[in-house]
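Next come two complexes built around chain A: one with chain B, the other with chain C.
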Partner chain A sequence: MMKNRSLSFWLFLTPTLVALALVVFIPVLEGLFYSFTNWDGLTYTKMVGFQNYIQLFHDKAFINAFWFTVGFVIVTVILLNVIGLGLALLVTQKFKGSNFLRTVFFMPNMIGGLILGFIWQFIFTQGFSALGNALHMSWLQNWLTNETTGFWGLVIVTVWQMAGYIMIIYIAYLQNIPNEVIEAAEIDGASAWQRFTKITFPMIAPAFTVCMFLTLSNGFKIYDQNLSLTNGGPYHSTQMLAMDIVNTAYNSSNFALSEAKAMIFFVIVAAISLLQVLYNRKREVDL
Partner chain B sequence: MKKGFWKRFGKRVAVVALAAGATFTLAACSSSGSSSSSGGKTKITILQGKVENNKQFKQIAKQYEKTHKNVTIEVTSIGGGTDYDPVLKTRISSGNSPTIFSLAGPADVKQFKAYEADLSNTKTAKAAQPGVLSAVKSDGKTVGLPFNVEGYGFVYNKKVFEKAGIDPQSLTTVDKLQAAVQQLDAQKDQLGIKGVFALPGKEAWIMSDHLLNLYLAQDYNGNAQTLYKSKSMKFSKNADMKTMLDLQKKYSIKPVMQMDYSAQVNQYFSQGKTAMIQQGDWIYPTVEGIDKTFAQNDIGMIPIPVPGEEGKLPVGTSLYWAVNKRKDAKEQKAAKDFLDWLYTSKEGKKAVVNKLHYVPAYKGYDNLKMSDPLTSVVYDYEQKGQTTGWAFPGYTGTAWDPDVAQPNLQKYLSGKQSWDKTVKNMTDGWAKQQNK
Partner chain C sequence: MSKKSKSVLGIFGILLGIIWLFPFYLIVTNSFKTPKGIFASVLSLPVHSTTDNYVNSFKALDFMASLTHSLIITVAAVLIIILGAAMGAYALQRNKSKLSGGLLLLFISAMLIPFQSVMIPLTANFGSVHFLNMWGLVIMYLGFQSSLSIFLYQGTLSSIPLAMDEAAEMEGASRWQIFYKVIFPMLSPMTVTVAILNIIAIWNDYLLPSLVLPQTQYTIPLQMFNFFGQYTKQWHLALAGITISILPVIIFYLIAQKWIIKGVTDGAVK
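Let's turn to the complex of A and B:
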């Protein structure tokens, strides 16, 4: 395959490769090196071997952040794909205003995560509590003051923001399904549910793979919503992996440990995301 | 379709990676600057951590350039405590280190030791008031010069106290404070307040730095350096801290764990919704920005009553100037001259008091009047010598503060953990860190 590629192919690729090398590959290698030292962000005095890696497995904050993130990823991946696909199915029906609805559903994605977090913080603390007062529902009070409401707050914001994006991807694939296939199934007497599970869903399996990848890796890497909505609080209980890594470096000045955490983080995200892609790809069907 | 998918999939990943790359490149470009001296002029670069004074420092630099034609000054300000160090580290490792930078306490002094010039012989260091330099001594040399001194206590709303018929100055003991708080709480509705206190549970540092200091400092003579070097933490006055924290929590506007700094200062205090808040003189510009007449006429500050230290205000320094030893002698001298001018010349002093609203950490300011009600309280206590020291800069730069003290205090405040366990976790955590 490679031999078919001409000089111009590589010529066009070079700027990207150089940029990637400068901002991704080289820093990653540098980070890998620093994770074996006692680097404080300024200098390092000695190599410490795997000490940082051993330490991070005893680091309660890191373990906490890990399980919190895993829970968050599981919930958001399910919700995002279900809601994203649901919205896509809704707006691909032929009715007036479906284009308008697409725009509306996609809109949250245009707002930056930080601003969104601050807006929702206001909704959760002020809006929810006013609503709770009016309806006498105590579970609407005190949002973001403990781990549970912090968790669901983050889930709500993330799903609200990203569902529209996932929807767009599903729409693209839904529209690619040839009409005759559906019609044939209809003539054969398949019910709407059968048409969806036996025809539509297998046909959009590639979209499912892409969306799973995006939601999985995004869920793991989320930082800005976390920062603006809860800032990891109270008592670090809603601190996700990315935030724990940043705080280890910048708040605790333990840059070497932070690099080690980042390496582990990278391996986890890459492994899970790629395994998922490999697995889902097998399920895809060809026409 | 499969192959097509992989192609598209690959493309998507590449696009995302490219976008991320572009962002990083832009970010990297915007942080670079230049620091060369040209045309016989000496250029000094300042990187400092009090972002709220950015504008004032830039004006002062301009003023200095006017009278000192051979010097140019470039001021960069980076916001609040935790963000500053990484930026300074980045500037240093990219070969673009500033001439003058700021240090937050003993942990910084140790960390940036290789870059700190000896400032013992500057006019400013010699004019320093007794005790203000103790946190920035390194091998017997003075390596930092205080920006200012600051003080904190209960900042109160004069009108609320007047209406309730309570003289805030009389609240000198915990018992008297408790009685007054109960009285204020009973009349909440008549006084038009939502709560006697506004305790921001979200801002862990308000407890872990300022409140904790009151009860911890006594074990270390209020000396940050002593605390920083101590291998263990007694925290013998922890029961007194519990009393004060419980009092603030019980009578605070609720929910405590939802409140942050801006809710405490901007939303509640500045709009008269609370009788008093635990804060310092640094909130004046914020309050003034919201309600100028209220800020000028209706606020004051009293010390938080601490058994054994009644009537004393905790006064200390949060940031110090340091001069970069790796710069050439000419640039270092220009930097020291600038700092001397700022703190010991007539025009400089005026700028310090009137522009920066600083309570000076130096002698020779007798004929200048503090410009706002909160700084004048700090100044008065300082003049009377009724102050206690700040020991907390001895731990704010260490991992113990964000990783141990803050989460544990927040756990206690949310009712998730007993006080005894909180104290034990904190003292154990300190011992573990210090004996590593």
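Let's turn to the complex of A and C:
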């Protein structure tokens, strides 16, 4: 046991506590403070109260980024969970090559969002138009040149990247279902669909919560893919929240406004995570 | 399941796998084409294949330098995170007071704060003490990544009985010796998980290093971003550059696959 006042307790914690304070807690408090000033990145001359916060609600780019991000998150959360679970069910069927498929589906997750965005920029602009010519499908032309194709482009990249990750989590829970339960149901004459809805699905409910949370908070925080795939264009129409905050600071040099936006962003992301924790607590109590 | 439905599933799976890998196929095949070849046909195999693209983009990317920077930063940061987080988690887990509970909560709550909320003051502070470089970046990674790592170590530590510490103490070991010689080796399975999760996150990180590193210390993602800006519309070079820069990750993945899958599962499920 280590006592609160023992030197070793504090020495063991020093590296991480100091780094955490320097890197997270001090800057976030400074940022909060600056969001109430007219800070220009170096100095500030006066306190401005809630002016930055009022301004951000009239900031078209921010509002547009907010709704774009919300739409993106709704679509990707649904697609990632459906496809991720589908892939997990597929590769746990133990046919020849199922292990190899697992490797394939997870592979995009190893590559960073920045490079993935570049890869897909080529596919959407060059590959899709070649495919469109070959198949005479005009909707495959001119991807990433408007908001709609930019939106679906980002969705496709994110699904391709993260579906394998979500699959891995579902697999972990699927493997915890005892085989006997499934076999017993099979003997009792339950159809494959009944086995899935009555046994498999309820038993992987916790996985659903974990994946829901992961896809939700990741979706809100996406930046790299946004930067390399569309760079927010055309005309900021595909700019997501994280990118709007970064650009407000480093392109428009409006540092105080950027901090205010970042604090609102913090509240959104934290609220999602806390809801998740509360929901889990409640369910554990119910059990 | 019947044999027939298994083979149907198998065929469906293989088709899906091919679709999944198709982006890689397009990138790699087109990276061997001349600009004319790409223009003529994106979907076909290269007719007059060339390796010039690789020679040129390897130089333009200054690949050996950026690979070295990526390696130094990732290895240094991951080693420090492993040691720091294991020590921190050990102290917190072997102290059952309200204080240690509060500190753990502090670490976990830090995970809620998005990077954008700290980015400007953080870089301003580090800049004012001339720490906007590799080593400043390594310290930043310790701050950002230690929360999850401490959380993961904490779970494993609770399954190591206190009797282990006490036995070592009876033999006259100091606190550091107990940790380093007895406890830390027992944490190795979790250390692999912590290492994997941090390697993936740090190796691929773009935004933070782009704000911190001087151009002489650019990592692979930063160099790729620069390179792409210079060679837009020169897809033959860009694609060769992409292929070179994802190669180390793919090799690492194929070698360490088993641990990677386990690490990712542990990180998400625990």
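One rule holds in what follows: the second predicted complex is superposed on the first by the 256 of 287 C-alpha atoms of A that agree within 3 Å, B and C clash if a C-alpha of one lies under 4 Å from a C-alpha of the other, contacts with A are read in each partner's own complex, and residues count from 1 in each chain.
Following the convention adopted for this analysis, contacts are C-beta pairs under 8 Å (C-beta built on N, C-alpha and C of every residue); 3 or more make two chains touch, one makes a residue touch a chain.
Since the model is a prediction, treat every value here as computed from it, not as a measurement.
Chemist: Report for A:K221: first if it touches chain B alone, second if chain C alone, otherwise both or neither.
Modeler: second
Chemist: In the superposed arrangement, does A:L20 touch chain B (first), chain C (second), both or neither?
Modeler: both
Chemist: Once the shared chain is lined up, is A:W120 touching chain B (first), chain C (second), both, or neither of them?
Modeler: second
Chemist: Which partner chains sit in contact with A:A249 here, chain B, chain C, both or neither? Use first/second/both/neither.
Modeler: both
Chemist: Quick one: is A:I187 in contact with chain B, with chain C, with both, or with neither? Answer first, second, both or neither.
Modeler: A:I187 sits against neither chain B nor chain C.
Chemist: Contacts for A:I111 in the overlay, against chain B (first) and chain C (second): which applies, first, second, both or neither?
Modeler: Only chain C; A:I111 stays clear of chain B.
Chemist: According to the stated criteria, A:G97 is in contact with first (chain B), second (chain C), both, or neither; which is it?
Modeler: second
Chemist: Output check: A:Y235 vs chain B and chain C. Expected answer is one of first, second, both, neither. What do you get?
Modeler: The answer is first: A:Y235 touches chain B but not chain C.
Chemist: If we overlay the two complexes on their shared chain A, which of chain B and chain C does A:M263 touch? Say first, second, both or neither.
Modeler: Touch status of A:M263: second partner only.
Chemist: Going by the contact rule stated at the top, is it chain B or chain C that touches a larger number of residues on chain A?
Modeler: C
Chemist: Show me the chain A residues, by the header's touch rule, that chain B contacts in one structure and chain C contacts in the other.
Modeler: Correct list for chain A: 16, 19-20, 22-24, 41-42, 210, 249.
Chemist: Can you tell me which positions in chain A touch chain B when the two form their complex?
Modeler: 16, 19-20, 22-24, 40-43, 61, 125, 141-146, 206, 209-210, 213, 231, 233-236, 247, 249-254, 277, 281, 284, 286-287
Chemist: Hey, which residues of chain A end up touching chain C in the complex?
Modeler: 1-4, 8-10, 12-13, 15-17, 19-28, 30-31, 34, 41-42, 87, 90-91, 93, 95-98, 100-115, 118-120, 122-123, 126-127, 130-131, 134, 160, 165, 168-169, 171-173, 210, 214, 221, 223-224, 227-228, 242, 245-246, 249, 255, 258-259, 261-263, 265-266, 269-270, 273-274
Chemist: Within their complex, state which residues of chain B touch chain A.
Modeler: Of all residues in chain B, those touching chain A are 1-2, 5, 8-9, 12, 14, 17-18, 20-22, 24-25, 28, 82-83, 85-86, 89, 92-93, 107, 111-112, 114, 201-202, 204, 255, 257-258, 397, 399, 402-403, 406-408, 410-411, 413-414, 416.
Chemist: Okay, in this complex, where on chain C does chain A touch?
Modeler: Residue positions touching the partner: 1, 6-7, 9-10, 12-14, 16-17, 20-21, 23, 26-27, 30, 38, 41-43, 80, 83-85, 87-88, 90-92, 94-97, 99-100, 103, 106-107, 110-122, 124-125, 139-140, 142-144, 146-147, 150, 162, 175-176, 179, 200, 203-207, 221, 224-225, 228, 235, 238-239, 242, 245-246, 249-250, 252-254, 257, 260-261, 264-265, 268-269.
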